[in-house]
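The structure appears below as C-alpha cells.
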Amino acid sequence: MNMFRASFWLHYAGPQAFYGLAGRVWPWCAALAAVLGVWGLWLGFMVAPADAQQGEGYRIIFVHVPASWMSMVIYMAMAFWSVLGLTFNTRLSGMMTRALAPTGAMFAFLSLWTGALWGKPMWGTWWVWDARLTSELILFFLYLGYIALTSAIDDQRRGDRAGALIAIVGAINVPIIYFSVKWWNTLHQGASVSLTKSPTMAQVMLWGMLLMAMCFWLYTIALVLYRVRTTILQRESHTAWVQAIVQEIA
Amino acid sequence: MLTVSNISCVRGHKPLFAPVSFSLQPGQVLHLEGDNGIGKTSLLRIICGLSHADGGEVLWNGSSLSKQHPEVVEAFRAALCYMGHHQSLKDELTAIENLLFDAQIAGRILSYDKAMDALQKMGLKNRAHLPLRVLSQGQKRRTALARLSLTDAKLWVLDEPFVALDTHSLNSLQVILANHVQQGGMLLYTSHQAVKLLKTNGHLVDIRSVQMVAA
Amino acid sequence: MMWESWSQFWDMGGYGLYVWGSMGVTAACMAIEVWQARSAHHQHLAQLREEHEGHL
Amino acid sequence: MMWQAYWAVVRRDVLLAWRRKSEGLSAVFFFVVVAALFPLGIGPELTVLRNIAPGVLWVGALLSSMLALQRLFEADFGDGTLEQMALSPIAMPLLVGAKMLAHWLVSGLPLVLLAPVLGLQFDLSGDALVTLTFALLLGTPILSLVGGVGAALTLGVRGGGVLLSLLVLPLFVPVLVFGAGAVEAQVSGLGVQAHLSILMAMLLPALFFGPLASAFALRIALE
C-alpha cells in the first residue's frame, strides 16, 4: 500500500480499519510513553542539577511546560479534525475530536495547577494575570464549552457537527485572545512579572523537558486511540464486524 | 421535475424506512403514505434539503441537489414551497403583515392588494389588521392557507396539510391544491385521510400514492 | 547521585510541597483518566455482550 | 430582491421586538441595575469608581447582551420561520445577518445610548464618556455577531442558556480588553486611536464571518 495515495488514507478513515489500526498502535504508544516518562523523570530529578536562581523548585517545569504545550497542540488537533470532518464528512473526525477533548482539558487544568504551584514560591503569588496564564485559562474554558456542548446534544451527528464548528471558532480565537491579553498586560504594568526563563538552560534540563513532552504526546495518542476504539464499538454496534468481535469475546 | 432516487435514512443505527424512489412531473400529485413513525416527515425534510439522506439522492430537473451544485439548489428553492408542522406565523404580527413579510423572506414580490385579496377569499377581510394572537385557531389556519394560495412556487411539499381543518377550510384547501395542479404545479403531501381534488371541469385530479414501508 | 538521603529528595530544597503537589496531581489526573477510559471500554463491551446474548 | 428580503427581515424583527417590548427592555434594565449595584457594593469613593467604570460598564454590557442573545433565534426556531429561511432562495447568511442587525438595533444600540448616562454615575469625564460610547458602538455588534454562532448552536439544547454563556463568554475576551482598554487609555491620557482601530479591525471580519458561521450552525440545528 502506498502512503501517498488517497485510497490508503480513506481506507484507514473507515471505522473498522481504524479500529484495528488503533488497537495495534495504542499499546506501543503507551509502553513508549511509560519508558520516556521514567527516563524523563530520572533526568529531571536525579541528573539535572538545581537551578541557580530557583533552586529545586524549578523542577515543576518538567510537567508544567509539556502540559501547556499539549493543551495547545490538542486544541489545534481538534480544530484540524473538525475542519476535516466538516469538509469531507468523515465519520472518524467527530469521534477523534470528542476523544481528544477530555485529555486536552486535563492538560490545560494541569498547566494552570502546576503554574500556580510554581508561581507561589517564585513570585509569591498563586496567580498573576499574565498573558500566557490568562490565555491558558480561557483555553480551559474553551475545552469545557466544547465538552458541555457535545454532551448536551443527544443526536450524535448534530453533536459532532456543532462541536466541530465551535472548535474551529475557538481555534481562530485563541491567537486573538492571546494577543489581546498580551496587549492588556502591557497596559497594566503593575501586575506583570517577567516569565521568560533564563536563556541558558542547562542541556540536561532541556532534555528532561523534551522527554517529558514526548511522553505526554505518546500518552495522549495512546489514550485517544483507546477512547476512539470505545466510541467506534458504540457507534458501529449494529454492524456485522462489531457483532463478530463481541461474539469472539463472549 | 422532481426525482427521488433510493433515499434512505438511518436514525440511531436503524434504517427508518426501505429506500424510497419516485418521480413527480408537472401537473402531478403524489400522496406519501405509511404507518405512524415510518419517517414521512423525515423523508419530506430530506427532499427539501433540511436533513441529510444516508443514501440515495434527490434530483431537480435531472440535476442532483448537492453542495457541488449550488445553482441547482438555488433554482430548486425558488421553486419550492414547504409547509411543515409549524405554521411559521408570528402571533404579534397582523395577518397581512405575516403574509407580506413571509413573501419577502421567500424572495417573492407580493403586493398589498393581492395579499388582501387572498385574505378576503379566506373570509378574513375584517381580521386582516388584527394581531394573530387574537385570532382563533381556525382563523390562523386560514391565514396559512391564504399564504399558500399566494405562492407561485412550482413544487409544493406539504406535511399533513389536512389535519385539524374545519369543513370550510378543508374545502378551500382542496380548491387551492386543485388549482395549483391544474396550472401545472407539482404536489407532494402526507396525509392520514383520503382527500379528493376536483378540477374546474368537474373531473377528479389523479392522485398517485407512494407507500413507505419499514426497512 | 545528587541526593544524599530520601528526606532531602522529598524536601526538594524547601519546595517539596510545590514540586510534589504538581507531580502528584499530574499523576493522579492521568491515572484517573486512564482508569475512566478503561472502565468505559469494559462497561461498553459488557453491554454489547449482553445485547448479543439477548439476541440468541 | 436580495436586499429587499434583507430589509424585510430587519423591519420584521424590529417590529416584533417593539410589540414584545418587555422582553427587549429586560436586558437593558439588567444593564442599568448591574451598573447601579457596583457603587453600592464598592463604596461611593469617586476615584475608585472612576477607575472601575470602564470595566464595570463593559462587563455589564457583555452580560446583558448575553441575556438578549438567547432569544436571537429562539422564536423563529420554535415556530418554523427558520426552516422557511433555510429553504429560501435568498442566501441564508444574508437573512441571518439581517436578524443580527435587528438584534443589535434592539439590544445593543440601547446599551450604547445608555452607557454615557450610566458613566455619569461613575464620575467619568466628558471625553471618557465619548470614548466609551464609541467603543461600545464598535464593540457591541461584535458581541451579537460572534454570540450568534453560540446562540445557533445551543438552539433547543437542554440547559441552553448556561451553555451559551460557557461557549460565548470566553470568545468575548478580546472585545472586553480593547473596549474597556479604550476608555482606560482615555482616562490615563494615552491615545485611544489604537484601541478603536483594533476594535474596528475585529468588527470587519466578524461582519463577514459571523452570519456565515451562524447560518451554518443553524443548518446543523435544524437537521
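Here the chain labels run A, B, C and D in written order, and each chain numbers its own residues starting at 1.
Just so it is clear, a contact is a pair of C-beta atoms (placed from the backbone, for glycine too) under 8 Å apart; a residue touches a chain by one contact, two chains touch by 3 or more.
Keep in mind that what you see is a predicted model, and the values were worked out from it rather than measured.
K.L.:
Of all the chains shown, whose C-alpha centre falls nearest the centre of every protein C-alpha atom combined?
P.N.:
Smallest offset from the overall C-alpha mean is found for D.
K.L.:
When the centre of a chain is set as the mean of its C-alpha atoms, what distance in Å lies between chain A and chain D?
P.N.:
The answer is 32 Å.
K.L.:
Nearest whole angstrom, what separates the Cα centre of chain A from the Cα centre of chain C?
P.N.:
17
K.L.:
So how far apart, in whole Å, are chain B and chain C when each is placed at the average of its C-alpha atoms?
P.N.:
Here chain B and chain C have centroids separated by 58 Å.
K.L.:
I'd like to verify one number: the distance from the centre of chain A to the centre of chain B, where each centre is the average of its C-alpha atoms, in whole angstrom.
P.N.:
A distance of 49 Å separates the two centres.
K.L.:
Specify, in ascending order, the residues of chain A that touch 2 or more different other chains.
P.N.:
157, 237
K.L.:
So which bits of chain B are touching at least two other chains?
P.N.:
Residues 52.
K.L.:
Mind pulling the residue numbers of chain C that touch at least two other chains?
P.N.:
Where chain C is concerned, no single residue meets two or more other chains.
K.L.:
Run through the chains and report each pair that touches.
P.N.:
A-B, A-C, A-D, B-D
K.L.:
Write out the stretch or stretches of chain C touching chain A in their complex.
P.N.:
Answer in residue numbers: 1-3, 9, 12-15, 18-19, 21-23, 25-26, 29-30, 33-34, 37-38, 40-41, 44-45, 48-49, 51-53.
K.L.:
Over in the complex, which chain D residues touch chain B? Could you list them?
P.N.:
1-2, 4-5, 8-9, 11-12, 15-16, 19-20, 75, 78-81, 83-90, 95, 222-223
K.L.:
Hey, which residues of chain B end up touching chain D in the complex?
P.N.:
Those in contact with chain D are residues 48-52, 74-75, 77-78, 80, 82, 84-90, 92-93, 97, 101-102, 104-107, 109, 131.
K.L.:
Chain A touches which residues of chain D in the complex?
P.N.:
Within the complex, chain D contacts chain A at residues 146, 149-150, 153-154, 157-160, 163, 166-167, 169-171, 173-174, 177-178, 181, 184-185, 198, 202, 213, 216-217, 220-221, 223.
K.L.:
Please output the residues of chain A touching chain D within their complex, sorted ascending.
P.N.:
138, 141-142, 144-145, 148-149, 152-153, 155, 157-158, 161-162, 165-166, 169-170, 173, 176-177, 179-181, 183-184, 187
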